[in-house]
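In the two complexes below, chain A is the common chain; its partner is chain B in one and chain C in the other.
Entry: the complex of A and B
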């Protein structure tokens, strides 16, 4: 298609630039969507003024506002760790974008171990959260960080099990291969198995993002946004707002790729092929994001012990059983 | 051991609880889906948010926004300031002496309002001041945007309070079927003639269900005198301009009389009127004159119960208009209920009959369903008047009504009565002349002039 030959480093630079714009833009749009969707789910209007038309510039204005804020580092804090923590949270989230296929050719890096990479990178954020909580020298931050760590570990497992199911069905760890095998999205076919895996993944993802109803670690009403109690200004934006929104968009993309057939049409009808894969992928990602946003105003926060029990006593056994069933399905069907 | 004993009941308890929970939930996760459906429904519902500074809500007409002052109406009676639970109304005034009304009279004093301020930082919007003001000087306005940056600036003076008068809504129209204050059977010209005579019946019937009709009568009677703020939906605006009201009512009185020649087929309302008239005649004792009952002070101007009494064909009971305004005298009540004069000590037997009838008609224990049905069926005055042939009352007019009218009018004007009062009294005199009722010697007659 293109006759331009680029040196490897040039391609790398372009890819980096693309990713570094996609992530913040995704976060801004996700933030705006969160404001508006949540508002309408709650029978409100949400922001209406910034930017003129239905408050489209709300998140932009928010970001600029945070730029002006003072960056405060508590006297008792461990300065280096404290200032590095937002990066430790943000970088793994950006890294997840690298392997998500937006279209057949539109992927930063098609790794053979795509799923493995996703899961490995995804769990790195925990370290950033612990760094933030520990270095803040604040008991609420510490409690929040420990809760976060416990929760991320607990809900990492259902996600892993759901991903294992997908990998078994596709017979590959490469995300491109996984998408290509989904003539019917895994959430629909094989019946039951894919859908349960999808539910496991969704619940796990919501918990990973520490969103309602699993937002015990940030619980703003009792431990004041958990690990980020002491953060302000731009650091807060990176550690919390951007991280949450970036996370949400990333999980939306992952869910769309693993369970909804990524850039493939939702049903295998030939004439649907004229719609470009980018649009299919975006639509599915938006659906996933809407799902996350829909859950938020609907459910109340669960208690810490309920949250742990739910993961260890329910989700993980279900996931394990599902792996067994999938094995049987792959072998005998 | 102790631990086991302690544990045993606890497990059963939680088992019970679990069983209960199980019994209550139809299936795993159904509740979650239901919750999701609820929020999703709201996503597609029409949004009712009002974007305040751009759009304004259409507030209810009863909104307690701010208290507005109609300065002209305030007589500096201080009732509002005294009744205010927060003592946040500040009133200053001075007295002015006016020339006596007529020669040889006392010079009159009048209060002039210098300052009227309400501290809205203290006010709790209880509305007591609005309720208590006897002269309809205070009103609720829907205005609510009067926040200030300094708490001291929340004390608003009478200029500001008067400005808010512009935003006071006219009183709402009477409810469907509402009784026109003052007269259940006859509406003054202000109310639509068509609506009034029919509706009161229903109002009365439903009223009987709500409580004793006497109470209703007691409530309605003072309203008719025009001096008190209306309780529910009386035309508030009309009353503050005290003057025309009595005049209008007095005017209303002779109107049915004009139809007297055709009395045979006249509706019961007029029959009642005519019945009342002879009883007036028979009633012994000094005939009250308009002059005698002019009443103290400024109250002359508001319609006194006398005026009402004459209008209804009853004899006034208490000489103090103020008193009778507060607690309706049995006479007034009698008019309400029976349409005839009530038993005052000197009243004739003829008069006694009517209220008795009213009593039997309105049992204390509650409404008779049959009667309610009957009342709803046959619209008309709430009390059945015996269907008698009207007796001719105007036997032989001794004086020419027109002349009497002119004479009394000029006489009253000469004495310093306001034009409205003079007119009212002249009309009363004319009615009496038409009916051949001897007027009190105290009143200027044709012979006198």
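Entry: the complex of A and C
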């Protein structure tokens, strides 16, 4: 067989290239899945022409189209902040992919503080949204940015508490350790506890992505596209579309890793080991993405005050109680 | 990978650098191929087709400063929760009781905020 020895830096370069290919490819596939899944849930066909077979190249064509669009910066806008904001939104999302284990060996860096890093980096995008909203000098954008900031901080806490529950069950913050301890996925095994944490995470994730039903910040019927109203061309893609899809794939991967057993088989049967970890991971990630897409045509938009009430008066108390219940479970059961 | 504690953070640095390069590289690529035909109408502020009234940086009611304060409280709590979550199994019942007290105090604070009706988005 092959016997290749690579220097550590070569391995690092390969891993970074692989992971950074996953980001745009994942976003393209996610975008296509969004078109198609939503269409079929609504008894439509969705895009059928680009690329020939069931419109597979739709999102690719969209991306190229946006590359050729004029980049308009409004005269009233704060030019520097306005043009930097898309990067401030996109880069943190790319950074989350650093610690997501696609397979036992396919992770750029297995940080000791993996989950903590994810949560820390994940909250950076809020700054980008505020930058975009404020620098646009547009009333819709300003309202949208303030709404997103309020929403992102409110729904960050359920995710944090769900992550604490996972850390308690696994006894580690490293994502590789978390996957390895899941003989049964956390969403199934500590009965109830893991599943409630999984629900908290999913609801929080949908809100963090500002997707329906929590899409008040970009509610098109009242504030156009919120913070992204003035953006056009490639900057719009980075600020909104690519960011949302990248976020969705990242949250799918995080959910699969924390609650569904990541690259491990879904049930601990030795027979299933022949399927490579990459396939398990992708299947679970796609399942998570399907959940996010399924929610979109199912629920109506939630009003801003209901949204805040739901987070602060329901999700966060439930999360706090869940942390204590998990503590009792780990110690006494 | 670079080894050791600082090695891990060096990897993060490299990754961030490549991520930033990816974003700005694509924007530069777009600059090469996109048209640039500026006009006055295009660069006005968008207000659904009507001429913009007043400034975009208008006074707005920041309704959620209390939410932001509470968020800081609970986010700092998370900083304490994570180290505890790793070691509490070794420390046993005592650690759990301490965390019950800690979360109890925070829960009372949240309850107080709800009773004071500061968590109403007007």
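Assume the second predicted complex is superposed on the first by the 317 of 333 C-alpha atoms of A that agree within 3 Å, B and C clash if a C-alpha of one lies under 4 Å from a C-alpha of the other, contacts with A are read in each partner's own complex, and residues count from 1 in each chain.
The rule is simple: contacts are C-beta pairs under 8 Å (C-beta built on N, C-alpha and C of every residue); 3 or more make two chains touch, one makes a residue touch a chain.
The structure presented is a predicted model; accordingly, all values stated were derived computationally and were not measured.
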Query = Looking at the overlay, what does A:111 touch: chain B (first), chain C (second), both, or neither?
reply = second
Ask   = Counting only touches as set out at the top, which of chain B and chain C does A:138 meet: first, second, both, neither?
value = second
Partner chain in contact with A:244 - chain B first, chain C second, else both or neither = neither
Ask   = Touch check for A:297: first (chain B), second (chain C), both, or neither?
value = first
Query = When the two structures are overlaid on chain A, which partner does A:215 contact: first (chain B), second (chain C), both, or neither?
reply = neither
Request  = Please indicate which partner A:320 is in contact with in the superposed arrangement: first for chain B, second for chain C, both, or neither.
outcome  = second
Between chain B and chain C, more extensive residue contact with chain A = C
Query = On chain A, what residues does chain B touch that chain C touches as well?
reply = none
Remark   = In the complex, the residues of chain C that touch chain A are 1-3, 8, 11-12, 14-16, 18-20, 22-24, 26-27, 29-31, 33-38, 40, 42-48, 52, 55-58, 60, 62-64, 67-68, 70-71, 74-75, 78, 81-82, 85-86, 88-89, 92-93, 96, 99-100, 103, 106-107, 110, 114, 119-122
Ask   = Which part of chain A faces chain B closely enough to touch in the complex?
value = 37, 40-45, 48, 294-295, 297-299
Ask   = What part of chain B is in contact with chain A in the complex they form?
value = 32, 35-36, 38-40, 42-43, 45, 47-49, 51
Key: Touching residues (chain side chain A, partner chain C) in the complex   = 8, 11-12, 16, 20, 66-76, 86-87, 90-91, 94-95, 98, 108-109, 111-112, 115-116, 119, 134, 136-143, 146, 149-150, 153-154, 156-157, 160-161, 164, 167-168, 171-173, 224, 229-230, 233-235, 238, 304-305, 308-309, 312-313, 316-317, 320, 323-324, 327-328, 330-331
